[in-house]
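Look for chain A in each of the two complexes below; its partner is chain B in the first and chain C in the second.
After this line comes the complex of A and B, so read on.
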């Protein structure tokens, strides 16, 4: 092994701590909106799904370093295509089987 | 044409974190992202199935009857914190601090074991005490398949990280072990992302509808 690679300097892991605090806050916020408030069902679902997507992006950018690498565009395209197919499968299935019948 | 695959000179590569320090490691990490994208599609199909079958309880227990806030929040918090400790292990990896890396990975798999234990307890409670096994209704089939697939992934992740810990203990942080530890970290964070959607689409939605 050679020791020439860039080494991180010692320091407080702010990014990780902020990611954790945001994740926990969003989780409890979603719980409170779903259980504590009694908003109309479709409003509640729209809010908690938005919070989940926001929290997923926190994981992706703050913990998974999706924009790092020598050419991150490759992994970004892959993961965006995965998100696109997964979203289409879920939304399409619900549309056809739960609402259109 | 020598730089056709990844347009990076060896000199620039040396500026990257250790897991990207060889072209092979670099390509494998990109490949792992493609694998995660495919996993996302797998979970997408299971989410689609569950959401359609959610209301088909066949006269058996409903989501509202079964799900309890306490155990679900315990599982969620344990997994979120394990994702955080896994993130800390990646930082120690990039500081080339072997002891820190192994320590945080150990904390991560311990939290992973607690999560799996809580989930097995939840499944056992439903299937044995509440009369709600997988075969009771379409809702429960969808529930156990979706959560069971996630739980299997977490269990596999624990076994994988134990293997990497053994290699790290034996070989230290090399470009190869660093790349493996980094990929296992990506996998672990990915499972947390899936859990965020399970928490929202299965539990929260179950309490709302």
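After this line comes the complex of A and C, so read on.
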């Protein structure tokens, strides 16, 4: 009972809708910059990587409730491990494929 | 007209091989048989209400295990076919193309559709019970995960009779797996079938991470959790962080194949090596996804049957944490020979050897747990004891393979095949069999027969050694992986014959286990106590099988090995007061997960054949199910006190 009433009262999920629209815009913006414009490769990469990081923050705050929760240590560990894995895959891939690129 | 229909059918269905016609016939017969039995006994409604729509973690666990056992049967038949082909030189049982399809199917099925779902099944059964919870954190998502896995597996298996099987190995390396060199639908089946079940795996990882962090019984701090639960917590973290790499890799290759992109083809600026790189960035953590949980199972079983608490609990935990961190920086050891620079190979060589340290630490912990224990040789304990030496051989040969210069010699030889079977069979398969026998009474309320269980153990374990120990030497003698036949006169024949005998023995061991399951279902000893093994952890504190709500009262935890402590307190005469029952809040069953996954199957099938008229409506169906779900407000119910009382009285716990 309780849960139902709370859900009904929560109202329209503006935060999520805005997050969704922003994510879609950023994604298509990145696609357009890579495909539609013919900027130098390094510039393209720099722009789309910064858009990606921006979008990661949108995901974290609009959808993934980083600011909520009773045990912030869980969030912190998760984010740190995520950064570790993201760094490993990107840096590792560049290093491994460097001779081939 | 007639001709074009004929040629379509000839292309659509796999033709030309009598074995495949046999399979067609048996699939048709089994399906008709199942439908007939269900209809005759009027069981459709029961099937829908009790199983297809269930969100109960115990039933989902059972369904995972049934599916995984069936897949193990299929993967095992593939293994026996390969061994039959390789027994003698110049055999013509399978041709080259067919052999390629068989090892691809075998590898993919064994890893993705046997090892993982079996483990997911066991963790569904045991984890919520071990932490004193009434269900997982997201029961709906749990059902969805299962059905996505199930339909993904069905899609992959369909390739055998419709369209043709993939043949690029379970690792599906570019460029061979790309559209230019591998036209047809086989590779699409691999990409999309594995992708669908992968979404389910990712969701399971999230679900159990949250369940273990959030749903533990009061008093159970992280360092009071049973070791199996710890292993699942860490496995879940690895799943959550490793699977996205695979999801992306599969999606990129799907885009390459279906829409003509070139992520993995050199000609248009792509990089085939990038596939290997992404695949193994997931692939190496994946081996820990299928190993850490069985480490957890062995820890439980060894502690239970040595009648001691686990030696070095904290060290066990920290070594698993270390493994989870290290497992993300060793992936290159799978392709040392692709021409990387020396510093790259050196780094990954060292990181791989490092990961052997925490693993070795765990081996010593189990040995010290056994030391001075009162060891009871039950079937699960036999599997656990056999694991230690057999797995160690796999670990030691792994360190040999980790030396990059030496790997130039071992790489893709039968030495490698022997190594990974030593870890996957002596680790994962022994572990899931161990867990299956250990938790069987908890799942079904009766025991598996011990005598038959021990026979199947000895036959399987000895045959495993007959099959895979000689294989190391065969590799050193130069026989390479994935070759479909070999000439006489290389000295390989005797070893191959011995190996095939071992493989057949493993088949017999498995068949005996299957027989034991059927026999025990009819005649097995009932478990009326809920605690047949004198267990130490909470899953044994409730009835076998546990009631829908698991625990009428959520237990309060004061120490590790919570149930052992409760039993001691009880023996010391500390009476427990039973507080009055309360109504219990439970999630409702729902048909959406199975329907949504069926739409996913339809969409997947459409994309496999590049029939967008089918794929797109399938996806629309998936989205429609999501929308439908988001309007379900009435998703839970209360089990009234009366009903709880009745259930508890029926299991004899109200005295």
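The criterion applied here is as follows: the second predicted complex is superposed on the first by the 81 of 101 C-alpha atoms of A that agree within 3 Å, B and C clash if a C-alpha of one lies under 4 Å from a C-alpha of the other, contacts with A are read in each partner's own complex, and residues count from 1 in each chain.
As a working rule, a residue touches a chain if its C-beta (ideal position, glycine included) is under 8 Å from a C-beta of that chain, and two chains touch if they have at least 3 such contacts.
These numbers come from a predicted model, not from an experiment.
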For this session: Have a look at where A:95 lands relative to chain B and chain C in the superposition and call it first, second, both or neither.
Result: second
For this session: Based on the superposed arrangement, let me know which partner A:74 touches: chain B (first), chain C (second), both, or neither?
Result: both
Problem set entry | First, second, both or neither for A:82, with chain B first and chain C second | both
For this session: In the overlay, answer first, second, both or neither for which of chain B and chain C A:23 touches.
Result: first
Exercise. Given the superposition on chain A, which partner contacts more residues in chain A: chain B or chain C?
Worked result: B
Seminar exercise, completed: Residues on chain A touched by both chain B and chain C 3-4, 7-8, 71, 74, 81-82, 85, 89, 92-93, 97-98
Problem set entry | chain B partner contacts - residues on chain A that touch it in the complex | 1, 3-10, 13, 15-17, 19-20, 23-24, 27, 30-31, 34-35, 41, 44-45, 48-49, 51-52, 55-56, 59-60, 62-66, 68-71, 74-75, 78-79, 81-83, 85-87, 89-90, 92-94, 97-98
Problem set entry | chain A-facing residues of chain B, complex | 6-8, 12-18, 20-21, 26, 29-30, 33-34, 36-41, 43-45, 47-49, 51-52, 69, 73, 76-77, 80-81, 83-84, 86-88, 90-91, 94-96, 172-175, 185-186, 189-190, 192-193, 196-197, 199-201, 204-205, 207-209
For this session: Report the residues of chain A in contact with chain C in the complex, numbered from low to high.
Result: 3-4, 7-8, 71, 74, 81-82, 84-85, 88-89, 92-93, 95-101
For this session: Spell out the residues on chain C that touch chain A in their complex, using ranges where they run on.
Result: 213, 237, 241-242, 245, 271, 273-274, 277-278, 281, 325, 328-329, 331-332, 339-341, 344, 633-634, 636
